[in-house]
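Note that the chains take the letters A, B, C and D in the order they are written out, and that residue 1 is the start of every chain.
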Amino acid sequence: MSGSIRRVLVANRGEIAVRIVHACRELGIETVLAVSEADRDSLGARLADRAVCIGPPRAPQSYLDVARIVTAAVATGCDAVHPGYGFLSESPALARACTEHGLTFVGPTAAQLEAMGDKISARRLAREAGVPTLPGSEQVRTPQEALAVAREVGLPLIVKASAGGGGRGMKVVSDVAELPSVLTTAAAEAAAAFGDPTLYVERFVRNARHVEVQVLGDRHGHVVHLGERDCSLQRRNQKVVEEAPAPGLPLQVRDALHAAAVRLARRIGYESAGTVEFVLDRDTGEFFFLEMNTRIQVEHPVTELVTGIDLVQQQLRVAAGEPLAFGQCDVVHRGHAIECRITAEVPSADFRPDAGRITAWDPPGGPNVRVDTHCVPGYLVPVYYDSLLAKLIVYAPTRAEAIARARSALRRFGIEGVRTTVGFLDFLVGRPEFADATMTTHTIADALGEFAPADAA
Amino acid sequence: MSGSIRRVLVANRGEIAVRIVHACRELGIETVLAVSEADRDSLGARLADRAVCIGPPRAPQSYLDVARIVTAAVATGCDAVHPGYGFLSESPALARACTEHGLTFVGPTAAQLEAMGDKISARRLAREAGVPTLPGSEQVRTPQEALAVAREVGLPLIVKASAGGGGRGMKVVSDVAELPSVLTTAAAEAAAAFGDPTLYVERFVRNARHVEVQVLGDRHGHVVHLGERDCSLQRRNQKVVEEAPAPGLPLQVRDALHAAAVRLARRIGYESAGTVEFVLDRDTGEFFFLEMNTRIQVEHPVTELVTGIDLVQQQLRVAAGEPLAFGQCDVVHRGHAIECRITAEVPSADFRPDAGRITAWDPPGGPNVRVDTHCVPGYLVPVYYDSLLAKLIVYAPTRAEAIARARSALRRFGIEGVRTTVGFLDFLVGRPEFADATMTTHTIADALGEFAPADAA
Amino acid sequence: MSDPGTARGLTDEDVDQVTRLVESLDRSGFDFLQVELGDLRITVGTGEPPVPGAAPPPPAAATPAAVPQAVAPARNAADRPDTAVAPSAAPVAAGSVAAGSVAAGSVAAGSVAAGSVAAGSVEITAPTMGIFYARPEPGKPPFVAVGDVVEETTTVALVEVMKTFHSVAAGVRGTVVEICVSDTDFVEFGAVLMRVSTE
Amino acid sequence: MSDPGTARGLTDEDVDQVTRLVESLDRSGFDFLQVELGDLRITVGTGEPPVPGAAPPPPAAATPAAVPQAVAPARNAADRPDTAVAPSAAPVAAGSVAAGSVAAGSVAAGSVAAGSVAAGSVEITAPTMGIFYARPEPGKPPFVAVGDVVEETTTVALVEVMKTFHSVAAGVRGTVVEICVSDTDFVEFGAVLMRVSTE
């Protein structure tokens, strides 16, 4: 493998930076971690072969600055850049700048990033690939256009920003009278948040499950899927608990989802790890394309545990030009995996982020319990970035055992100094809707009233 | 599961004590760790719900004392005893004392321990179960008897103690003239070491591979196998590197091994985790029964990684009377796992054990790298026990990737304060005999001359 | 080590002394060490520094003035996540506390008494883990009571391990000042059973 | 080490002694060491300095000038296991070391000089990560040389990030006493570029 990638600039922070450094070291690839001033002494910086301070703590002058990332990579002799997730991971500008400077971008091509980054374009590509999309519109420019769609599709509707994604910039409309004002507000917000006011409209699925399919392509035309994940447990459109496989899915639906995801990836010649997201309508059993994420996902470990395949190493291998070393029939799915995202948030205070110094950090151990984290005792959780502290991922032969293992591990997780969602996650994973796999994207909102945070007592 | 076992006395130390505590906690079982004075502040003692000091550091007055173990279990309200491996794990006396005091012994019955603990009895049972044994004798009482066997079986021969096992108390005889004096010495040594001078004689396989099959039985008559392990890389009959599956085994040999192991376990109604050990003759392709280990093995994690089944939890479940929750066809084997035993020994000084304080302890991380250990920074390695510091176990989809991952992980393993075999293991796993899977039980002895320990430079 | 009358810096001897304290604590496996002598106070340790009021006072017993003191092992109970399993039997952590204090105390120059051991008293510890019997048989009077005078060879208790009874000799001549365990308690190896005043 | 009568800084001997204490602690694997002697008080440790009030020494302020205090950051470089990748570009670890030292220095009340910052000198640091240019164009003379006098607004260098050039102003009036990087070196954010004497 060491052929074409010798040294990687890791353009990210937190647990994913640690994860990428581990993957590189196993492949014999050196790592340079780009750090902001706030992350100089982070675990990732200690584990990497070298850390380079690229700017002040705030991301626009550090982790979000294409020029600094590329300059740092070139100046430290890197031949590739791994962007992780978030930050610049889906930035066509970074992918293009890498190419211009002779660096390998560990991800798909700039054109693929663009095609899927524009959600209207992504919808069109999905339809062309024969992947069902939600009834809705291309770009809507006027309230009249939106009203016409509403008549055709019915209510409720969801208004989305074409440059959005990941749950950002969405508004649900239940009353046609609200439509004009919602469009005005949404366009202004989209312009402010993404620099692009373009909106589109889709049918809103009330009783929905979020299921996504992991795909992996190389530069030689091969595409395989690594099965699906269920990520229905969300709070304000942010995933909280994910699992693989998706429980209780009829076999033909599962197969159809996998086939649809592979068709879409093939349609664009996709050449990295990616995720095709779907909404499943619990009432009708239908599924529809939502969007494609053209990067490694936060929740990739659940797929790793049920397939045994290291997705970050696969990203590096295909970026180095290697063909996939396995075909679809070589992918063996076994057992069940659940991931819980542990964040520094205060459940009793509407999940406001907490920051501060972690005085005690005692993650659970034992086989089949994996903790992906950048935290160590004494770590100062900075205020500048998202509040993810760790991902607790458990594996077991059956889903029931995996749930038991997750709860046991959560209860053994010792964290002091900052307040976290560990207790909330234990509550969630113990919900009857989760046990009987009837959860929807609204389960958390519905169940929240029954949660009695220990910290509120 | 919490039905019939509520609190377990863990009658062991080191990494396996930590492993058992983890398994219990996940099952909601409380743990009391029996510690000697030297292990009061061990990691296991900290992780267990309670630690009880049962005696001074030397094992005969602590970990090897049946009366103290049972008294401690009763006095602390335990309802079961897990003996780990080594120490009293195969002691019929402990199993019987547990039963007499209303404690569940987490292991097979005393009768099964006795049947397999006596190696001559075990040979007989194997033959009765249709499992091939090495040409050889029952008990040999006189040189005349041994000479008769030698004439029948041919040379070289191996003289073994019936009460031995695990490679202890064995002598190879290549010249028939040596036989009488070897028998005298061996009988005296066996009497001293095991309190029993009984000897037997078997054909010695020069070009041998050590392959063993993991079995698992319950009290309801079910027995399954969880595949085989290759443990050929041995130094002085002690396993150093183990892997699953055994590479390059013809399918029919593999199936025959599995079937033989299950036959033997069924023959005695075996009701716990156990291992049937075989020697494979590389020259003839034949395999022969060696012995059965009636306990959890040091190398059990490689089987856990390729099957996804938690063996220690299975031991506890079947001890609690549960039937196995899966059948043979539910056991899915996937990928490859390698274990390296990291010991505090000085390779340049003929592997003499080292002791002292571990000043730096920085195990490798990342997915698919598992480290089972009781060591922490500042841990004082006691002089009283074996020198195992940690087991590094890696998983990968293919054997070649597993080897690469093992070497990478070994090189990242940071240990200071005591000298270890990490560098030696890296050398071993990098040997061509290992890469092309032609290793035998003599590979380490043959290769040792080429090893240049870093600590000798 | 310091003379309050004449303010001065650290001498070689001072540094040597502190270094020896650090090294000795390091070898010891304990968590921290504090030394105060007049206006001298030395603290060495792992983890967070000691809590204000809690720091100086020794775990037990009044100590004569001017005797440098006292090491509080931090982790005995605190680090054990859950000591609440404990059934009827009394957990006898006292044994390890005493051992810790003695080890550290012996490092302090000029120290006559250590940690939890009161001046002039000696501990009788359990020679084996087992069940403590204060009496030779049920209904009989106890071997010894507080205030009794014992010789080295006086049997003060029995400890039973599965029907095997180990008799415990006082090992010292003096007066029993405390019996730390109750009849039929489960005691760990090394647990303090009694204290004997040798004065 | 300290004389209440005559307030003074640390003597060489004091530093030697403290260094020995630090080394001893460093070898030991402990987290902190405190020494107090009369008005002398030494604190060495890892992580945050001891909580004020909780442990004897107040971290800053409130202490009279006569009390020398040193807080030694124990593990700046040591914790980075492998800094040896360094390619052609100069690794600018100086930035982070200096930052650490300054932070520690600022804790020391009454201390005149802190860490690597010489008395009366001010550091000019990189306002962005990038390529350092000492000259406006190749072949031209450098912006400044050692011995030059600079004003706050004097441009002393350029730092380039992908064809965007950021000019670096001195930010202080004084004499350039050291230029710490070579022309076209890669510098990290916050790296020390030059030192200017303000005396």
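In this text, a residue touches a chain if its C-beta (ideal position, glycine included) is under 8 Å from a C-beta of that chain, and two chains touch if they have at least 3 such contacts.
This is a predicted model, so every value here is computed, not measured.
Peer 1: Starting at chain B, how many touch steps does it take at minimum to reach chain C?
Peer 2: 1
Peer 1: Select the chain at the greatest separation from chain A, using centres from the mean of Cα atoms.
Peer 2: With centres defined by C-alpha atoms, farthest from chain A sits C.
Peer 1: So how far apart, in whole Å, are chain C and chain D when each is placed at the average of its C-alpha atoms?
Peer 2: 46
Peer 1: Could you tell me the distance, in whole angstrom, between the mean C-alpha positions of chain A and chain B?
Peer 2: Measuring from centre to centre gives 42 Å for this pair.
Peer 1: With chain centres taken as the means of their Cα atoms, state the distance from chain A to chain D in Å.
Peer 2: Computed value for the inter-centroid distance: 40 Å.
Peer 1: Can you check how far apart chain B and chain D are, centre to centre, with Cα atoms defining each centre and the answer in Å?
Peer 2: So the centroids are 55 Å from each other.
Peer 1: Two or more other chains in contact with one residue: find those residues in chain B.
Peer 2: 357, 378
Peer 1: Find every residue in chain C that makes contact with two or more other chains and list them.
Peer 2: 26, 46, 48, 81 - these are the residues of chain C that touch more than one other chain.
Peer 1: In their shared complex, at which residues does chain A touch chain D?
Peer 2: 7, 30, 32, 37, 40-41, 45-47, 49-56, 61-62, 67-68, 70-72, 75-77, 97, 357, 378
Peer 1: Across the complex, what residues on chain C touch chain B?
Peer 2: Chain C residues touching chain B: 26-27, 29, 46, 75, 79-89, 91, 95-96, 128-131, 160-162, 164, 186, 188-191.
Peer 1: Could you please specify the touching residues of chain B with respect to chain A in the complex?
Peer 2: 18-19, 22-23, 25-28, 301, 304-305, 308-310, 325-326, 330, 332, 334-335, 364-370, 372, 395-398, 404-405, 408-409, 412
Peer 1: Spell out the residues on chain D that touch chain C in their complex, using ranges where they run on.
Peer 2: 1-5, 11, 13-14, 17, 20-21, 24-25, 27-40, 45, 50-51, 53-56
Peer 1: Applying the document's contact rule, which stretches of chain C touch chain D when the two form their complex?
Peer 2: My answer: residues 2, 4, 7-10, 14-15, 18-19, 22-23, 25-26, 32, 39-52.
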